[in-house]
Amino acid sequence: MSHRCLTVMGAVFAVVVLAPTFAAAQPTETPASLRTPWGHPDLQGIWNNSTLTRLQRPEELGDKEFLTEEEAAGVEQETIARNELLSNRPAERTTAADQLDSRADGTPGFYNNLWLDRGTTVVATRRTSLIVDPPNGRLPSLTPEAHTRVTSAEADRIEDVRRGRLPATSWEELDLSDRCIWYRGIPSLPTGYNNNYHIVQTPDHVAILQEHIHDVRVIPLDGRAHIAPTIRQYAGDSRGHWEGDTLVVETTGFNNRAIIRGVDGNLSEALHVVERFTRNEADLIDYEFTVVDPKTWTSAWQGSLPMTRTEGPMFEYACHEGNYGLYNILAGSRAEEKAAGGAGK
Amino acid sequence: MRHRVLAASGILAVLVTVMWLVSVPLVGQTPGAATAGSPPPPTPWGDPDLQGMWETRTYTPLERPSEFGEREFMTTEEAAERERLGLRRVVTDDDDDIADNLVEQDVNRYARAFAEDDGRPGFKIAGAEYNAFWSADPTVPKVSLRTSQIIDPPDGQMPALTRDALTTWEAREEARRGRSQGDDWEDRGLSERCISRNGLPGEMLGSTQNPIKEIVQTPGYVSIVMPYGYVRVIRLDEGPPLGSAIRQWNGDSRGHWEGQTLVVETRNFKNTVNNVVPAHGGPFGGSRHVHYYPGTGEMFRLTERFTRIDRDTIEYQYTIDDPDVFVRPWTTVNYFFLDTWATEGNQDRLFEYACHEHNYGMVNAIRGAQADRQWALDEAAREAGIREAELRDKWEETKAWEASNRSGR
Amino acid sequence: MGNWFRASVAGTAVTAAAVVAIIFLGGEPAVSQGPAYQAPRLPGTSNPNLTGLWQAFVTANWDIQDHAADAGPFPRLLGVWGARPAGQGVVEGNEIPYRPEALARKEENFRNRLTVDPDNVNTVGDPEAKCFMPGVPRATYMPFPFQIIQSTEKIVIAYQFANANRTIPIGEATNAPVDFWMGWSNGHWDGDTLVVDVTGFNGLAWFDRAGNYHSDALHVVERYTPMSPDHLMYEATIEDPTVFTRPWKISMPLYRRIEENAQFLEFKCVDLAEEYLYGDLVEGSSQGGAR
Amino acid sequence: MRIQLVVLGAGVGLLLVAALVPVSAHHAFAAEFDAANPIQLTGTVVKMEWVNPHSWIHIDVTQPDGSQERWMIEGGPPTALLRRGITKDDLLAGAEVFVEGFRAKDGSQKANGRDVTFADGTKLFLGSSGTGAPRDGRDATER
């Protein structure tokens, strides 16, 4: 379709560096009822991207690319049943162990399960991972540089601090999310809760409010150049354009604290992400992404997951404003040190 | 000591080679009698034109010297006699104080240096710290035959202070007791701190060192470029009043035209009375190193009237209405003269005042007080003694006013 | 048909958006494409009347070049009160052509930006922190408004910060007798643009908190062009052969403060800076610190 | 009512008359300088800060051992000088000056400049403008 449209856009927009390999996967076009008055596909509303499907294919699944229908139904049913079970279980004391965040049966150790919202479905394709490329559904190999970065003694120590196994000597050792600075990263992958996004459009801008950290991505569609590479930001700098009925968003200019939630370790300033949003059904946005960071991975990787329409409203997220947790962590660390010192006497 | 003062003056005095007095009738009962020419036409937007560089020095004392009794004007002979006696001085100069007190005091102080070595030139310092070339302005102020700037009250004297103002003064003296001359920057005056030279309206009169103001107008505004590093921006539109919580060193000025006269009302002055340490310097006279000044109260309203009475002259009146400080309002009149030096094309603007940016003196003063703290304490006590005498006088004035006001009722 | 129609609509929308973007984003065209906007004249003259209370809304005072957000110098004391907002630079091409030796001085300035040395009061540290006059062009983009008062032969600019100001005679230029913080300004009109030629600097002012600086050889040519009733375009060409290898340019719009009660206020900051400047001198003295 | 003003010294052209009153410091002299510590310095001008209300002359003073000591000498406000047309070219770096004054109370290398003359005894800023210059009576040749 629409080579005319592409021609117009081609004149206006810079060429996207990354090959949009998903273009072929576009199933159908957006119906007229799902368009804005100015004719763009209407992505507006509140969307949730919770899913039971993990980013990477569990290693035990080997080459298995898809679940069967029965397997998928089984996973979903198991989740529902477990949620039911946990909500009916009487209160019990959690005993301190090496790891409080989850219990032996996989249930959360830190809160009651009912606080969480992990979703109850797997992705519609029944793929065994969100990652579609590499074909094994796993992240590509780390570069030697990144390998050093994530396996250094310092990285281990920081990991121990973040797990509570060592006292924190500074807030700076804690995770960006503990510090309420930056949670999801881009692309935005689902976690245990708050997987909500509010999208608003104008003819020349798309804004995406992430519930987590109340970050708003303001994405110009008017073809302007990226801001200068001298200015680095947590969310980088995004530019969007329409390719047919797909919103394509390209993001660069990340700072050196870039992360993607669900992916271990720190990424580099070279991170470059292309996201594709396609709404062909009233209740579904097909969200696809391509990630390149040559200082972290030896190749690019791609993934996809659905964003499903959900009822609003989305509530305020006031993480930093109520971050008693950081005081507790630091005060606890000081108490631990004091206790250790006292024991030594 | 007195002869030493005169000696110092003599050293600096310049022979006035030729001096002649020209009587200029400025405002006569006969229109058109003014020799300086009529005021210029209005600005293109129709406002009276006050623009230009104005020489704002005056020799007229703020309060009427007692020898003039009830007389508003002196004769030219009396003016010449004052000149001969060395009483004609630019009023806002620090030298006023020096002539009255500091010279004598400084000379006393320098006597220490003297005793050790009579050949040292220390005694010449007072009021003569620098070569005279620093103060040789190319023009000379004109002389008004007024006997005082104050025209109301009719006796030409500043009204008595209120009991509140005097009590505040006492409290500030108390708060200052035991402090030296330079324990802290706040022990120095506002002028030495480069915050305010004399405040308003005092700064509206020129000093030997900075005689000029420039007035620049545009529709809706009159601005006065001050020689002390700021511009008075005077709004002519009504506009909402400035909130009473916003207090400024120079207040908030709004102007309007009454015929040919620019009337400027200024409120929202900072209440400088409430400083813990008395801030010297102040609106009604010299930037004083020693004396107390009453500061201004919350209610202080300054009304200024600018009238161009001929081509070369602005009559400048101000009225102080500050019920927290003075028992009644009072009004002065002065004259600004078009600066001949500028109108002849020798100068096209005022020069920058960068007092604070180069205030090495503050560093020197604080370190100086530390170098000899006993001296600095003695000096502060000596100054306090001067102020205590002034305070006693002011109490007498206030009581006298209260007595006459009661009897008058 | 449906396909074609929709594509056409989308294409039109995109084109329209692009056109709108060009109209609203193109700052320069209004200047270079001639008198798109005719400002009201000052009565008695053929010049636009620039009188008003103006303010730049850029972050150039932190750094005239591109800069990401950053903590301030004393986050432990100040939280984010002292933080630096992210901002895009105002320098054309974002490059300041320092001579190599001069760049080192800029970096030293930045390191020492909050140093107070009583024996080098005005040569070490950012003048802004000390409440010193900001110089030109920095006075323009301080986060404070400034008042232009334009008369027929002179223009006065009163800056709120430190109550700095300058008088700009229009017409025949005169030479600076000595050097000043705010320099020596001479103005003339180039069509509807006020051009101010500024020399006579003492070389003590900085461009920003990042330590960008100049010498007493600085020569600034400023251009003020009305763009709408409430906007001026400000451009300044910077030339200083002892510090830079070539002239360079900054530009930004200036916005009129249109609040009904907008007015010039004092920011006489000397007494707000005294503890910073002299506090060390009275530290430990028996009576020091009356605050 | 009749307001009268007297013009003193007005006449054809400009007659320069120095103020009868001496110029005084914006700072209380004694807070800053030590009247018991008069000094005399001969030095070479390094730079002049023409600042209202206080000019500062920086000079290098050669010590007996040949080394250089940097001194800062406080002067008065330059306004009157500037008004008379004097510019920074009238006191350039390298000029030899003789200073009589008083040292700062803290003992640092700063002093007020009670008298600053060129080393040969001629007055600074004298005759450097066409309008005449003041005489302060100290120079026997002035009359």
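Going in written order, the chains are labelled A, B, C and D, and every chain counts its residues from 1.
The rule we apply is simple: contacts are C-beta pairs under 8 Å (C-beta built on N, C-alpha and C of every residue); 3 or more make two chains touch, one makes a residue touch a chain.
Just so you know, these numbers come straight off a predicted model, no measurement behind them.
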Statement: One chain pair leads in contact pairs, namely B-D
Averaged-CA centre spacing for the pair chain D and chain C, given as whole angstrom: 36
Message: Counting only Cα atoms for the centres, state how far chain A is from chain B in Å.
response: 71
- prompt: Where the CA atoms of chain A average out and where those of chain C average out, how many Å apart are those spots?
  reply: 41
Message: I need the residues of chain D touching at least two other chains; which ones are they?
response: 49, 78, 82, 85, 108
Statement: chain A touches at least 2 other chains through residues none
- request: Indicate the residues of chain C shared as contacts by at least two other chains.
  value: 119, 177
Query: Okay, what are all the chain pairs that touch?
result: A-C, B-C, B-D, C-D
Touching residues (chain side chain B, partner chain D) in the complex: 8-14, 16-29, 73, 76, 79, 83, 86, 88-90, 93-95, 98-99, 106, 109-110, 112-113, 116, 120-122, 124-146, 181-182, 188-189, 191-192, 208-210, 227, 287, 289, 313, 315, 335, 340-341, 346-347, 351-355, 357-358, 360-362, 364-365, 367-372, 376, 379
- prompt: Residues of chain D touching chain C in their complex?
  reply: 49-50, 78, 82, 85-88, 108
Statement: The answer for chain D against chain B in the complex is residues 1-11, 14-38, 49, 51-56, 72, 74-85, 100, 102, 104-108, 110, 112-116, 123-126, 131, 133-138
- prompt: Of all residues in chain C, which touch chain A in the complex?
  reply: 3-4, 6-18, 20-21, 25, 65-69, 86, 88-89, 94
Field: Residues on chain B engaged by chain C in the complex (per definition of touch)
entry: 43-45, 51, 178-180, 183-187, 193-196, 214, 216-221, 223, 225, 229-231, 233, 235, 239-240, 242, 246, 248-250, 252, 276-277, 348-352, 354, 356-360, 362-363, 366-367, 370
